[in-house]
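All chains are identified by letter, namely A, B, C and D, in their written order; residue positions are counted from 1 within each chain.
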Amino acid sequence: MIQAKRHITLNESLGADIYRLSIQAPEIAAAAQAGQFIMVKTGMGFDPLLRRPFSIHQAEGDEIQILFKRLGKGTTLLSKLEAGQQLDILGPLGNAFTLQEGPCCLIGGGMGVAPLLFLAQTMRSRGTTPHILLGARNKAELMAFLPAFQALDGSLRYATDDGSMGQRGFIIEALPALLAEDDKAKWQVYSCGPYPMMRAVAAICQHGWPCQVSMETMMACGISACLGCTITARNTNRKGGKYLHVCQDGPVFTADQIEWKS
Amino acid sequence: MNDNNQDLRVDIGGGLKLNNPVMTASGTFGYGREFESLTDLDSLGAIVVKGISLRPRPGNPPPRIVETACGMLNAIGLENVGLEAFIKDKLPYLKGRKCPLIVNILGDSIEEYRHLAAGLDQEEGISAIELNISCPNVKKGGVAFGSQPDLARELTSTVRQATSLPLIVKLSPNVSDIGAMARAAEAGGANAVSLINTLIGMAIDIRLRKPVLANITGGLSGPAIKPVALRMVWQAAEAVHIPVIGIGGISTWQDAMEFILAGASAIQVGTANFFNPAGVDEIQSGIRRYMRENNINQFHTLIGAARGGK
Amino acid sequence: MNDNNQDLRVDIGGGLKLNNPVMTASGTFGYGREFESLTDLDSLGAIVVKGISLRPRPGNPPPRIVETACGMLNAIGLENVGLEAFIKDKLPYLKGRKCPLIVNILGDSIEEYRHLAAGLDQEEGISAIELNISCPNVKKGGVAFGSQPDLARELTSTVRQATSLPLIVKLSPNVSDIGAMARAAEAGGANAVSLINTLIGMAIDIRLRKPVLANITGGLSGPAIKPVALRMVWQAAEAVHIPVIGIGGISTWQDAMEFILAGASAIQVGTANFFNPAGVDEIQSGIRRYMRENNINQFHTLIGAARGGK
Amino acid sequence: MIQAKRHITLNESLGADIYRLSIQAPEIAAAAQAGQFIMVKTGMGFDPLLRRPFSIHQAEGDEIQILFKRLGKGTTLLSKLEAGQQLDILGPLGNAFTLQEGPCCLIGGGMGVAPLLFLAQTMRSRGTTPHILLGARNKAELMAFLPAFQALDGSLRYATDDGSMGQRGFIIEALPALLAEDDKAKWQVYSCGPYPMMRAVAAICQHGWPCQVSMETMMACGISACLGCTITARNTNRKGGKYLHVCQDGPVFTADQIEWKS
């Protein structure tokens, strides 16, 4: 894990307020595993104060890449940065997806697709071809990240909430059918996306399919120093606590570790 | 120029001498190890660890933190591993560091505090105890100690009797007369006071129309609170004869110097560790540079230097 | 969509109804006229003018202000033209505006407050009196009222007897129990409480090695204090039955909504007027938009809506 | 007086951390008088919180220009802005220099030269040729603003603290000699610069020459709402107060209005 100011090599607007930003960070690129994240200082002053967490979208050669959506103060500042400027980053942080045997399905929605590209690439490099299901609000959002997934070979399906591209509706609707295609196999499901989507994925998978989800919470430090990034565990853990810390115990959890809120 | 001309050593009471005045604040530096690859632990003035209670505490339900303008609110609820696990799992690593270790303690009753202090007194490798009498997140017991001089004094003297370690009492800013609280700690036998802990604050989610934090209120920390902290340090330094340790929003060496000139013998860096994990190093070298540029060799001559006529 | 579907009118006690809940805070909006080309004075919920004393006050020596992280410190020392000049020179213009005028008053003694209230009671065009019991910059008298419930109650009831105007008591945050202060004001006959005034803070010039402000300490205001202000408004709304007016760091309509959902019937914008003189307009239209988007027609149904189970 | 977001048309680095920034602001350009200033919001967040005051350096056609030095957070943010971006400005504010009959001398140091260019231009347009004395720390700083003054005709002298260009030392040393050149005339002296410089100018001028100085203080509002921008007056004024408010009573004062601190 390092903390350093590193050069930005690319900051590209992909439409729908989504950006792809690459950073020269050989140590992080070398160490990074799919599912891990970095914490980024988005501005020079104290407002916003805290670093912002972003999943590693790709790690290749000397560079890592994040995919982010402009939402509030921090991401607005990030969106204005240009190649050649420096960015203060901390990472790689958190655990990673655990690669398991068997056919696998990656299901992501919105910015949750960010870590899934890295995961899919890792799987491909190990000879596995994942089935990928992607959801977006509309065509503009989908087109911001779809091409990167299309560059991988393998099966790819997508949906948009408004039907402007691909299937209309939520992409999770495609999951039961996919799992049923080969219902004797031990499907591995990997998911990252909005909370309700992951909860629905978890509900489907509880009928026998191992499922890993990547969770989000507010984070102050990313390095397990503040204890702020908790989510509630389904079971009391071996330490006697009932909370999980997303930056340390996660961000990737098995779906059954989590107490899903309705 | 030779850095070694600057003597940053400082006495923070009860015979505890630090190599330099820059410490980490409780609850913002984990148990130290979390920062080992990010900063040089050995060169810290001291590490103050996350508040320890007699038994492990799970802490508050989420959400526990929220960012505010130049600050953050936390309602961690004093999650910690408890005394036993601290001694078994955390202390060995910390003992191996070259810098002093200060253990922050909290309890729900005077009895609990006494047990904690007595328990730690048995252990090797602990340089001082910091008594947190001011946690705004614990709903019973604790809060009262932090806002009533009489209770603070009683608590301090009970702990004082249970340990021979240097004793630092950490004060709450949620009071109208911080001087009275500092004097109460001094009267109870504290070797130093440290301040401030967090201000009580809250945030509301206007979409969900409910408080952001599950605990409703939380502790405000970070640069936003620095002016209040500095004023209280100034007042506390006026009120007592024991060393004062400044805490609250310190993020740069200039911030640290303000507290020192106001009367702090040493300082603790809290929230800044989250967004700038190497900040403690930068603060230390900034103080050294300030001394060099102003031809000051002895750090202690700077303590309270802004008080002039006061 | 038709804006007029949203009814922003609100009752803030003593029979005073505002067309909308957005007011300006005392000492941050001059005597109104300074903003006439920058914002629409007529459409304000109310204008609260700079604190008036019986006689003119020159205020504190400079420097009087300093910027801090997301905030500022001021030690204006309550410079004002005094009651007579206010009535002669400022009131005529203010009376000509369509929005209610609230006059903030301050004194060094109970007697002075009584005289002020009685004097204003005689004048046309004043909608309410806001009693500043909490100015941290005045060194005698005033401070004590703001931190002691008994004195606050006594002062309130004296002023209450001197005027038939709606009476708002403005509370200091530099206390450990804000609820007790709010109850004291209510018991003394206040029609509403407004809070918070500034937190006491300070800054040090590390080059000159002395406090930045000539007055040493000053009042902290701006976004930095919002979490503390919001928490106190929440607590005050729990403590009293009269309307609560929220103040402290409000700079956006989202900030305003947080206070309203916490229990404020109306809000005052202070420091934000300095860096965003059209902010009061933006806040008003933001609240209106929030109501429209959430299908809320009556503003008052939002007051305290985040309190739910509380 | 207006407050509005307006386009930047130029932001040019002049060396020595000094920048020249032009803004499209016809109303301000039309109304502005030499000596007035604007308040600028330098960033989008709350840190820095307050607007920053800058003298109007030039006002021509639809544009106004400021000349600023990068010192702290606010001016660092300003220095990064580019033509085409918007800037939130408030102005014109404050009083102005009062133009009087007789030979006149403008004496400025550092960023204090900013309002003097506008003043000199105004004088030239009314047929007066001022004598201009400029001081800077060194050649780099001097060269950042000298060319603009050289473009005016008239007498111009300059000095640098380190002697790297022009006379060595403080430019005020040239003032007594200049005033003595025509010692029967009623010289008008106009000054803006560091406090010690203006104090020295005031001391020289108290022996009979009318002198106007432009003062600086911390400002929160610029529009006489906060009462924070006070300086101490030499005499109790007619309102019974002993303080002057720089944003309203100034920034230009006659030197004898001010209680100069040693």
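Just so it is clear, a contact is a pair of C-beta atoms (placed from the backbone, for glycine too) under 8 Å apart; a residue touches a chain by one contact, two chains touch by 3 or more.
Computed from a prediction, not measured in an experiment: that's the story for all the values here.
Enquirer: Quick check: more C-beta contact pairs in C-D or A-C?
Expert: Of C-D and A-C, it is C-D that has more C-beta pairs in contact.
Enquirer: Can you name the chain that lies farthest from chain C, using the mean of each chain's Cα atoms as its centre?
Expert: Centroid comparison gives A as the farthest chain from chain C.
Enquirer: In whole angstrom, how far does the Cα centroid of chain B sit from the Cα centroid of chain C?
Expert: Computed from C-alpha means, the inter-chain centre distance equals 34 Å.
Enquirer: Counting in whole Å, what is the centre-to-centre distance of chain A and chain C, each centre being its mean C-alpha position?
Expert: From the centre of chain A to the centre of chain C is 46 Å.
Enquirer: What parts of chain A, by residue number, touch at least two of the other chains?
Expert: 46-48
Enquirer: By residue number and range, which residues of chain C touch two or more other chains?
Expert: Where chain C meets two or more other chains at a single residue, that happens at 69-71, 222-224.
Enquirer: Does the chain-touch network form a line, ring, star, complete graph or other?
Expert: Contact pattern: complete, every chain touching every other.
Enquirer: In the complex formed with chain D, which residues of chain A make contact?
Expert: So the residues of chain A touching chain D come out as 43-48, 73, 76.
Enquirer: Over in the complex, which chain A residues touch chain C? Could you list them?
Expert: Checking each residue of chain A against chain C gives 46-47.
Enquirer: Taking the complex as given, what residues does chain A use to touch chain B?
Expert: Touch residues, chain A against chain B: 1-3, 41, 46-51, 90, 217-221, 223-232, 239-243.
Enquirer: Can you list the residues on chain C that touch chain A in the complex?
Expert: By the definition above, chain C touches chain A via 69-70, 223.
Enquirer: State the interface residues of chain B toward chain A in the complex, per the touch definition above.
Expert: Touch residues, chain B against chain A: 27-30, 34-35, 37-38, 50, 56, 58-59, 61-67, 69-72, 74, 76, 79, 81, 222-224, 251, 271, 273-278.
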